[in-house]
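You will see subunit A twice below: alongside subunit B first, and alongside subunit C after that.
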Partner chain A sequence: MQLLIVDDSELMRTIVEQVIRENLKEAADRIEFFHAANGRDAMEIFQKNDIRLVFLDWNMPVLDGVEFVREIRSTGNKVPIVMITSVTDSERILQAAAAGVNSYVEKPIRGPQLWDQIGMFFRNAGL
Partner chain B sequence: MLGKLFNFRFRLAAAIFLVAVGATVTSLIYYYQMTSAQIWSQMVSRVKDFGKLGVTLLTPADIKYLQTLDSTLNSARGAAALPPGVKGAVISALSEEEKTAIIRTTAYQIIVQKLRRLRFASGKSAAHETILSADHVAEGNEPQIHRVWISGVKMHEITPMHLRVLAADEFEEIDRDNNGRIDPHEKLYRIGDIFAVKQQFAVSAALNGEVAVSNSYRTETSGVFIAGYTPIRDAMGRVVALLVIDFSAATEFDALFRLKVTGYYIIVGVLLLAVMVASATSKLLLKPLEAIQKAAIRIGQRDFSVRIETGSSDELSDLAYAMNLMAQELGEYSTQMERRIAARTREISEMLEALEQGVLTIDRGGIIQAEYSAATLTIFGVKEIAHRRFSELFSDEKLSSAVDRYIEVCFSGQDISAPMLEKANPLRQVTYRNAQGEVRHLRFSFRPLAGETDGEVHRLLVTVVDETYGVTLQEKISLAEAAKRAEFDAIINMMRVPASILDAFMVQQKEFLRDGKQLIGAFGSDRNLLTAFASKTHALKGNALQLGFIPLAERLHELEDYLAQAINGGENDSRFLRHEISRLINACEGLIVGREKLVARIRELVGEPEQHSEKTELEQLRLFWLNQINRKAAEYSVPAGVEVSFGAGTEQAVQSLHNVIVQLLRNTFAHGLENAEERLERGKPQSLSISLTAIHAGDCVELTYRQDGRGIAGLPSGQTIPLQDILQKGLTSAHKSATLEAGRGLGMEYIASTVAALRGTVTVTTSDQETVFRIAVPV
Partner chain C sequence: MLDFEVFASTLRNVFLQFIGIKDLTSENLPKLPEKFQSVTSRIDLSGKSSATLWLNISHPGVVLAMQRLNIPNSDEDRMMMDAAGELLNIIVGAAQRNSPVRYDFSLPSAYKGDSYPLRFRETTRKTARRFIYDEFETILILEQED
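This part shows the complex of A and B:
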């Protein structure tokens, strides 16, 4: 399974990957992690690979999270997208939901809570 | 309750009644038994006397004649005449002519005369005539001997069930009672007649030579009889015949019957008397109890003013006194309770009122449907709500359009997680001024209702909770605590992050400050500088947020706003922006922490950070426990000074005692904690001090666990005691506070048994100042 983590912060990407690895243990070896620091790079990786799950930051240079989602959804792709962001106001979250984001995790992220919210995507994928 | 009283009274009366009646009936039965036994024995001796007298009257010649007669009658002809199996039937073995011939002999007549004389002797006066005719009537009453006759014994020898008449006191049928007919009892006993034996016992006794009497009354239509059998012996002393007397017991029987009837009258009389006495006595006894009972009933009906007069000075008046006290106490308690319940009810009803929910549904077009809960109208302050556009309820245009968009998303059929939908909800928490001008704090939640057939969302169920009164200060406090806790969690989470990332954060901060100062120095000259700095600020904000430096993140966020304005050219002028940006960069500088400070903070919160440098096993073990204890303290939000030191050569012992140390920690945190005041009172520093040390001495490793929390209750203060001894005496947990973590005393058991398995020893010393466990295990 190929998985894409998009965030301009290396720290964030590391934490997300680490939480997934810790919770999945050996099964994590079956995941190929792709990292991207902005939406443009992410789009490139997304088009070249068979990405099945996306973790996405909102505020990024070059192409921001919501724009990235709109682009993907406009092609009819239904890949699950989890937004990880410090944005908390409902108006913007509503905007993300309307764009086609499936789930939302609030920053700062905490291991157990993050897993509670994203674990089901891996269970659905049989991991 | 009254019924029970009567039950008790009834039982008391019944007891008295039974005693009275029982005593009377028992004595009556005894008296009757004695009397009837006496009468019987008198009668028996009379019958026996008459029997002996009768036998005495017979001369040896008479006896010889009877013997001969018996032999004649017992001829083969006579015996053969008895049909087999016949009982009680009177069978004559002789023809009438033969009988008449015997009767006419002088010898026979002499015997008959003697029998008649004997019979009349049992009457009022003996007969004095020389010859007594068959129809002789006694003067006054009928003689008590009803009939007297002599039975042969030969017949009996053949068939023991039968006797044969040799001679009787009469040979003609006489209507003795003058009723104009011959009744069965007036039937003639004829020579040679054979009778079934009715008194087998008495007959057998007589045949054996005893004067015998039947052992009970024989009741016939003609009266009540007893029969006496007296043996008649020949010169050799052999029993050759029996003198049989039928003795009327009518008089005695009458007397006994009258006695019985009198007894019954007495019993009935006693019954009535006993009922009256028992009833009266029980009433007298229960009168004071009844007063208490009535008082209890009134107390039961919540009349606490009742008091009982406590006149006399017996036990019952003590009871009445106690009852009065109780009534008074109950009265006071009840008044208090009522007041408290009233207050509580008011609170609860207010809460319920506040919690009343508005429920309504809206369709795809955002129109409110006709069904909604009554509370909805109160909340919105309107009379009718159906068929309106839901978003129109909110006068704020921005909010109203957000609601419309939210409804649209809810109906979009897109797979959106519930937490996200909840977060996107613009009405999660709103302060709402309703149509009546009332300000209310409302919480809306939306739930899509899918159609049963197509699974598509047709309606949205909207629940409105009015929290105007519900948002209490307590809740606000707990929210603040939760936020603080979240900060801790963030830092703990960060511990998984490699050191390189932390270093990068440091560098990032430094670069930010350097670039920031550069930007201020050349503000407005280079647009690229601004964009680059904005990007750096944003990145730093994200990391600061993740690492839990919230105040820094907040300032960086503010800074971002101003930078965006500077880039895009907002309504504020550049001088103002420069000033604000400069102010914020300076503020951030104050909040930016150096590596030492960061490490110190992390150590304070979660213990030593994990580092990737090579360490000895012992050092890793030490760091592990340091971290564990610090985490435990953070979990319980307890400030703690932790010291862990392991001497060389103790690794194995410490590892084998791993679970023991876990137990010790659990006990410390589950039972040993004190609040700040308690610690102050006992002269202890504010933070809990825990030390875990191990040293290698001789062939032993000594592990010492020391904590200055609350001591273990129930143990002598300051004494060093082997743990095994405590457990044998039965240690109960110091506080009755069994939690998931500890509290059932099993921890201590576990420690003792684990150390024992390692062939080690454990001692404990405890006081309210500190508790020390010393564990020694051989290596």
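This part shows the complex of A and C:
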């Protein structure tokens, strides 16, 4: 399974991958992790690989998270997209949902709380 | 006007939830330091009020934060600046919910050095508070037009 983590913060990308590895244990070896620091790089990775799950920040340079989601959905792709972001403004959250985000996780969150919110995507994928 | 207390209380909450640091003591800073140490991040806020929020974190503070997050290479400049920027980004985002004044915010930028001045606008009001926990020390500054 190929998984893409998109965040302009290397710290956050590391934390998300850590949480997944800690919770999936040896099953994490069946995941190939891709990282991108903005939506444009993420799009390039997405188009060249068979990404089955995306974790995505909103505020990023070059191409932001919602623009990335709109581009993906415009092709008819239904890959699950989890937005992990510091944006808490309700109007903007609705924008993300309308764009096609499947799940929305607010920062600060890590460890067990983060897994509570994202674990089902791995269970659905049989991991 | 943006309420400094919204950001100060959010900082406490973010440091507790994200890094596990509680029992931060604090003191208001009536006068800003002339020189700053270690890492400083800033985010511009826009909307009905325009302002800038600054977060200065001592070197042991950033290292402690990243150790608690199990981040490797925690002493590298790049990671320290990333951590300071992301912490402020999370504070600004989480405070959005509790702020009576709606605002948008920029991407964070970060600086690192041994002793450097920060360039504030002369006409702005600055509200600042220092938070301390053991060797962890951070200064939060809200700069906004009167």
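A few points about this structure:
Methods note: the second predicted complex is superposed on the first by the 127 of 127 C-alpha atoms of A that agree within 3 Å, B and C clash if a C-alpha of one lies under 4 Å from a C-alpha of the other, contacts with A are read in each partner's own complex, and residues count from 1 in each chain.
To be clear about the criterion, a residue touches a chain if its C-beta (ideal position, glycine included) is under 8 Å from a C-beta of that chain, and two chains touch if they have at least 3 such contacts.
On a predicted model such as this, the values are computed, not experimentally measured, just so you know.
With subunit A as the common reference, subunit B cannot sit beside subunit C without a clash.
Once the two complexes are laid over each other on the shared chain, residue contacts for A:Asn59 go to subunit B and to subunit C alike.
Using the contact criterion defined above for the overlaid structures, shared-chain residue A:Asp41 touches neither subunit B nor subunit C, since it reaches no partner.
Within the superposed three-chain model, A:Glu67 lies out of touch with both subunit B and subunit C [touch as defined at top]. Comparing subunit B with subunit C, the partner in contact with more residues of subunit A is B. In the superposed model, A:Met12 lies in contact with both subunit B and subunit C. Across the two superposed structures, the residue set of subunit A contacted by subunit B and also by subunit C is 8-12, 14-15, 18, 59, 61, 86, 88, 106-110. The residues of subunit A lying in touch with subunit B in their complex are 7-12, 14-15, 18, 22, 57, 59, 61, 80, 83, 86, 88, 90-91, 93-94, 96-98, 100-104, 106-111, 117.
Residues 8-12, 14-15, 18, 59-61, 85-89, 106-110 of subunit A are the ones touching subunit C in the complex. Only residues 402, 405-406, 408-409, 412, 414-417, 419-421, 423-426, 428, 486, 489-490, 493, 496-498, 501, 504-505, 535, 538-539, 541-543, 545-548, 553 of subunit B touch subunit A when the two sit together in their complex.
Residue ranges on subunit C touching subunit A, taken from their complex, read 14, 17-18, 66, 69-72, 78-79, 82-83, 85-86, 89-90, 92-94, 96-97, 102, 104-105, 107.
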